[in-house]
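The first chain written gets the first letter, and so on, giving A, B, C, D, E, F, G, H, I, J, K and L; residue counts start at 1 in each chain.
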Amino acid sequence: MVIHGPNLHLLGKRQPNIYGKVTLNELNKKLYQKATTNNIDIEIIQSNSESKIVDKITNTEYDFLIINPAAFTHTSVAIKDAILAVEKPTIEVHLSNIYKREDFRKHSVISDAVLGVISGFKEASYFLALDYAISCLKNL
Amino acid sequence: MVIHGPNLHLLGKRQPNIYGKVTLNELNKKLYQKATTNNIDIEIIQSNSESKIVDKITNTEYDFLIINPAAFTHTSVAIKDAILAVEKPTIEVHLSNIYKREDFRKHSVISDAVLGVISGFKEASYFLALDYAISCLKNL
Amino acid sequence: MVIHGPNLHLLGKRQPNIYGKVTLNELNKKLYQKATTNNIDIEIIQSNSESKIVDKITNTEYDFLIINPAAFTHTSVAIKDAILAVEKPTIEVHLSNIYKREDFRKHSVISDAVLGVISGFKEASYFLALDYAISCLKNL
Amino acid sequence: MVIHGPNLHLLGKRQPNIYGKVTLNELNKKLYQKATTNNIDIEIIQSNSESKIVDKITNTEYDFLIINPAAFTHTSVAIKDAILAVEKPTIEVHLSNIYKREDFRKHSVISDAVLGVISGFKEASYFLALDYAISCLKNL
Amino acid sequence: MVIHGPNLHLLGKRQPNIYGKVTLNELNKKLYQKATTNNIDIEIIQSNSESKIVDKITNTEYDFLIINPAAFTHTSVAIKDAILAVEKPTIEVHLSNIYKREDFRKHSVISDAVLGVISGFKEASYFLALDYAISCLKNL
Amino acid sequence: MVIHGPNLHLLGKRQPNIYGKVTLNELNKKLYQKATTNNIDIEIIQSNSESKIVDKITNTEYDFLIINPAAFTHTSVAIKDAILAVEKPTIEVHLSNIYKREDFRKHSVISDAVLGVISGFKEASYFLALDYAISCLKNL
Amino acid sequence: MVIHGPNLHLLGKRQPNIYGKVTLNELNKKLYQKATTNNIDIEIIQSNSESKIVDKITNTEYDFLIINPAAFTHTSVAIKDAILAVEKPTIEVHLSNIYKREDFRKHSVISDAVLGVISGFKEASYFLALDYAISCLKNL
Amino acid sequence: MVIHGPNLHLLGKRQPNIYGKVTLNELNKKLYQKATTNNIDIEIIQSNSESKIVDKITNTEYDFLIINPAAFTHTSVAIKDAILAVEKPTIEVHLSNIYKREDFRKHSVISDAVLGVISGFKEASYFLALDYAISCLKNL
Amino acid sequence: MVIHGPNLHLLGKRQPNIYGKVTLNELNKKLYQKATTNNIDIEIIQSNSESKIVDKITNTEYDFLIINPAAFTHTSVAIKDAILAVEKPTIEVHLSNIYKREDFRKHSVISDAVLGVISGFKEASYFLALDYAISCLKNL
Amino acid sequence: MVIHGPNLHLLGKRQPNIYGKVTLNELNKKLYQKATTNNIDIEIIQSNSESKIVDKITNTEYDFLIINPAAFTHTSVAIKDAILAVEKPTIEVHLSNIYKREDFRKHSVISDAVLGVISGFKEASYFLALDYAISCLKNL
Amino acid sequence: MVIHGPNLHLLGKRQPNIYGKVTLNELNKKLYQKATTNNIDIEIIQSNSESKIVDKITNTEYDFLIINPAAFTHTSVAIKDAILAVEKPTIEVHLSNIYKREDFRKHSVISDAVLGVISGFKEASYFLALDYAISCLKNL
Amino acid sequence: MVIHGPNLHLLGKRQPNIYGKVTLNELNKKLYQKATTNNIDIEIIQSNSESKIVDKITNTEYDFLIINPAAFTHTSVAIKDAILAVEKPTIEVHLSNIYKREDFRKHSVISDAVLGVISGFKEASYFLALDYAISCLKNL
């Protein structure tokens, strides 16, 4: 399962110097390809809605979660609680290096609920996370 | 009216050492029974959506509100403003004693908009609140 | 485009000493009239949902945005990011003078993403913003 | 055991808009009645002295403690340590909703040492606590 | 009455990317014109001196005050007290959006003493304020 | 009523460069003389016990209170609440200028519960307070 | 020497519930009378200008200074440095009890440069200070 | 002189993993033995009362003070002032390493009034302090 | 270039629940293998010395830096400045998820000087970083 | 241009252990001599008035500014804005090492608007600044 | 093992009013004597180098560590991590009472990693620690 | 003695817009020349090692120290203590104006241990310091 948070539907159009030029469609296509190549089922959603993300995390069956919480990184205790509740391995990814940006973007309320954090590698942040997820899933 | 906030649909499955083993269905059934026994109409909802909770608070007729804002306790000014706007007696309840938990869970943005707070008695928090509501409604 | 944030559907009924006695319908009617008189197309929405506001900001065509984020003023990084992403001229308006109110209402997470802020003139805050928008749109 | 903290001997005379009009004698009488009706032994004291409260908590036999620490809520580590030391179920009650008052009254040094907190229901705060205590004691 | 605070005599010469290219003389001329057109008496001063501004606010007859406190926005309790003392409707205006600038410029000690704040519209900030003042004065 | 707080029984012996050389006995004798000369009944106590001071404030009849809370200045919410409860005119006095001392001594939890504060005049602090009290009592 | 700070020329007209109803002229007349009665030369000024107050403090001959810094209480390091430089006994007086007011009014940058502080007795604050000054000057 | 602060009468019964298993009686017996062996007069008290501790410190003759202020470590300015007033060599001891515990327990208001601090050696903290005291007293 | 910071020579022996059971030798061997397989030259050092790490960063030729600053993460401005000075792509890695640990470990002074951060995947943190480095180096 | 801030007219008389024994006249004479020797026109003023300093900075022709803002170092945004507006090379000098003094004197609001800061060399602070200015002016 | 931190090679020469007059050589000689008398092997080093201290702690065999981290008390996470990693009983000693000194010296980053802290007894701090270590080692 | 701190061996290569284009060799050569011309012995070192700098400061004979602590400015209590211990006149210099840079670079832990600070004049910072040192040394 891969979840893209709010405003990521604009990926590739919005401030490309910060977030890169790849669009969300292109990114998702590559993620599907990589998953398929490795015989992994993958579901990808993007939502601007905190409640839909909480619903998805708590009401779906999956073995591994990769989430880019975007703006919710800094505000959503509900998503944090959802991750804590389902107790599935979860990776928080960010396109930009959030520690290099405005002060309020340096603090994530999600980070202490996840397995690990990958921040700053543009779309490669997702692929590093997917690599790790695949190697874990193969070891199951 | 009783409102359960985000992730409470998982009640009884999620970290039972913190939140208890009773499921939301079981809890709701007991709340209905108690209300019925006392000739009180009761409506109970659970939602992961801040906007649905705001809609419910501001667009429904009721005399008393019992709310467990869960994760929204710490973040939702919108719910606080809704409670302030309708000016109905409201009790904030928590299953766990929030003052015993992580620092960010100790602060409620809702508490100064409500009549009173009951925190830490597992599902009994709801029943103490309901007792109080019933005694108020009978005095109307 | 004019966006009214959460609980503003209660305008005119809710604490009128703070927010004024004009209802949202009356306010919207006057805004339409003024826009029409000036040959400006105007769309007005009110929503209690952060995600609907983000959707609206990022998925609609418009030249100018007037937004009263209400409770989201103090909490929504998602709306801020939406405004930053679309890069349209935007004015943040408030009915009350937010700097005169409780401490948590003095800080807006939105303000540094907008062109300007107008706060404290009750419904006139909207009309001053609309005046400015009209004069800009006429200069296009 | 019920302990009333400093200045509560003035109950009913002192700022009745905050603390209610019932006097301490009247309140205590009702607490005795309810306990007696339920076949529970109850001891009630009021003290302005932190050391007497610590003595009482640590040197008396009891199964359940209901305490309104009043001003000591915000300052007494000694009472907190006494509660922690005896490890008996304890409920912290407040007549007023302390989260609605001055900043210094919002923080309780006691809350993270107790089972739960009931705040804001005037004298009913004590009766809700007593209800809970009675139901626990009956389950012993 | 319109008061321009310290360093605004440099308007149009100083950092034009922040404050715009219109000079103070040009701005004042337009303000006089607008006032005259609306049959309003207007007095405009610029001063680098906190005490002269306090003298002006407290010793002059006027019905409405528009003030750009400039650097005094962040430091002058004396001007704030003067505004509070005379109890005349007052608008605080800023050429730049102060909430977008350095941290120390985000906080105004004046804002909670005025009717409303208009910030970020370059010289139009003054004209929006004047529009509002005129409409109020006509309603007297 | 004059109340001397903890450690003031050592007055005149303890750090005389801070607190002066007059002993508590000598000071009290002069206070009695002045009160007697003005036909005012005066009661003076010194106590190291917070609870005795609270008892005295809440259980004694008097028209005016002069209190040097000494160390309790910085810690005692119980004394503050006692002063608020009895609603008698009260002056807080200090021998030393507490604003000139260590940081923790600069903040008084008592000051916002009293009529006024006199700090820094050694034993004259008491006499200025007594002068004021006498002039008030004569106007009754 | 008595110095009245900014906005005190409005005394008696401005928020009389905070500052009292006596005008500055009436207050000054009484101060002259009391000084004259005690054979003390007295000079009294009021100024809205920080620099005039600094000039007065540093360039005038006097034995004792009574100053109500008003708004400069919270902002003026220059006045503080002037008081430190001349090393004359100085009393800071306030009409209102500044510790009972808004947070920013509770802190005085002047207090640790003076002999003592008298706050909260309306115009009597000045007379208590003058009493003390007279008794000191008589002991010279 | 050895003073044990509040709740230390429970020593050995209360959370033994933090405070050790030796009871207060056993500890005191050993302290007497060691003092006697070294021809030192020793007085030992335990009190839950801040005022009794202040009385003891200020009204007793002794050459050296060993104090475990327990909960008063974090709150009692009165005890600190008593220690400062009598100017006797004083050692602050703690059974547990207070710097390893909850945040509020890391700060001692007493420490900057004493000669030295010994923290974390269970009952040996007292014996190290007594060793030091004995060696000082022998050098008198 | 791979740099292991202070105490990492103990890897596999020290708190294995936090840092994993793989020793530094084993980890390094695997890193060499992966680099060799991909025809990349790799140099790996471990040092407890801030100055040696600064020397290495600034005086060696390399195209990519992977650094686990360990304890220096939280304290070393010198290493941060070295990374800024050489302007080579750099990844900060951590074995544990530092955002899940003690407060002081949550803040990295290094993070805003690097390209990206990978935290929480035990030794896999290094391999994800190496993957990314290899893919970058192949694109040169 | 050399500007001396408030209270510097007292130089040599005021706390000479902090500020040195040279009077302002003597210092100015030496500054004139050095400038004349180097064929540089120099203007020197001292003022206790923030507005006169702002006027001088913004309304005078000069190539280089040396300013000792004295008390205004810590409070004057107006002087800072004046320096920013004129964009002339400016050196901030202090007689004492301000980083060695009271906390509030350690922070300068001016420092980030100037070319450089020289602090702690008594009157030599001015001469080092003048040396630098002369060498710059000769290179024009 | 005894470790003396940076600048302690100057002991006895440097500010003797703070650190005492005994030189490091004299102190070490006495420590060797006491250890020898008790049949304990002792190794003593002094180093100004954080990395040498980390090396020593992690690469040497010993049963007990006494460390005066001196300046590293306040800054070295690396030494803290080394102590945590080796899990040997460790005592932190200070010559001066660090809680009596400048604010930055009151906080030790080491204290929550050690068994106990002894602060303020000049060189006796070491001997009390050694006494404790010897008694522990004899009980092995 | 002149000491250059960490990363200054890169001077002239590293971010020249901040630190200037002169290399360390060129700078040192000019410093030697100036010293030689004035018959002053000068020793210059650069080190990335905090311990070597502490060794140098405490184990070398010299009359005056000029130090650019670079990154250690913000972190090294050990260097501060070394400077305090040797009690030689010391000047802290910075190439850039540190008060204009990132927040963490504005605070120097060294500044309150030195005679004076010179910041912002690129390599001229050293020469102004050397000028001052020479004039002092000639006056010995």
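In this text, a contact is a pair of C-beta atoms (placed from the backbone, for glycine too) under 8 Å apart; a residue touches a chain by one contact, two chains touch by 3 or more.
The model shown is predicted, which means the values in this text are computed figures rather than measured ones.
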* Structure fact -> Sorted by label, the chains bordering both chain C and chain F are none
* Structure fact -> Label-sorted list of chains bordering both chain C and chain J is E
* To do: Enter the minimum step count from chain C to chain K; a value of 1 means the two chains touch.
  => 3
* Structure fact -> Residue numbers at the chain B-chain D contact, same meaning over half shared and different meaning under half, come out as same
* Can you give the rotation angle that fits chain A onto its twin chain G by Cα atoms, in degrees and rounded to the nearest 5? -> 180
* In whole angstrom, how far does the Cα centroid of chain J sit from the Cα centroid of chain L? -> 23
* Structure fact -> Taking each chain's centre as the mean of its CA atoms, chain F sits from chain I at a distance in Å of 63
* **Separation of mean Cα positions, chain L and chain H [Å, integer]** => 48
* Structure fact -> The positions of chain G in contact with two or more other chains are 49-51, 75
* Give every touching pair of chains, nothing left out. => A-B, A-C, A-I, B-C, B-D, C-E, D-F, D-H, E-G, E-J, F-G, F-H, G-J, H-K, I-K, I-L, J-L, K-L
* Structure fact -> chain E contacts chain C in the complex at 97, 99-100, 108, 111-112, 114-121, 124-125, 128, 131-132, 135
* Structure fact -> Given the complex, residues on chain B that touch chain C span 49-51, 54-55, 58, 75-78, 80-82, 84-85, 109
* To do: Flag every residue of chain F that touches chain H in the complex, lowest number first.
  => 6-7, 9-10, 13-15, 47-52, 70-72, 74-75, 104
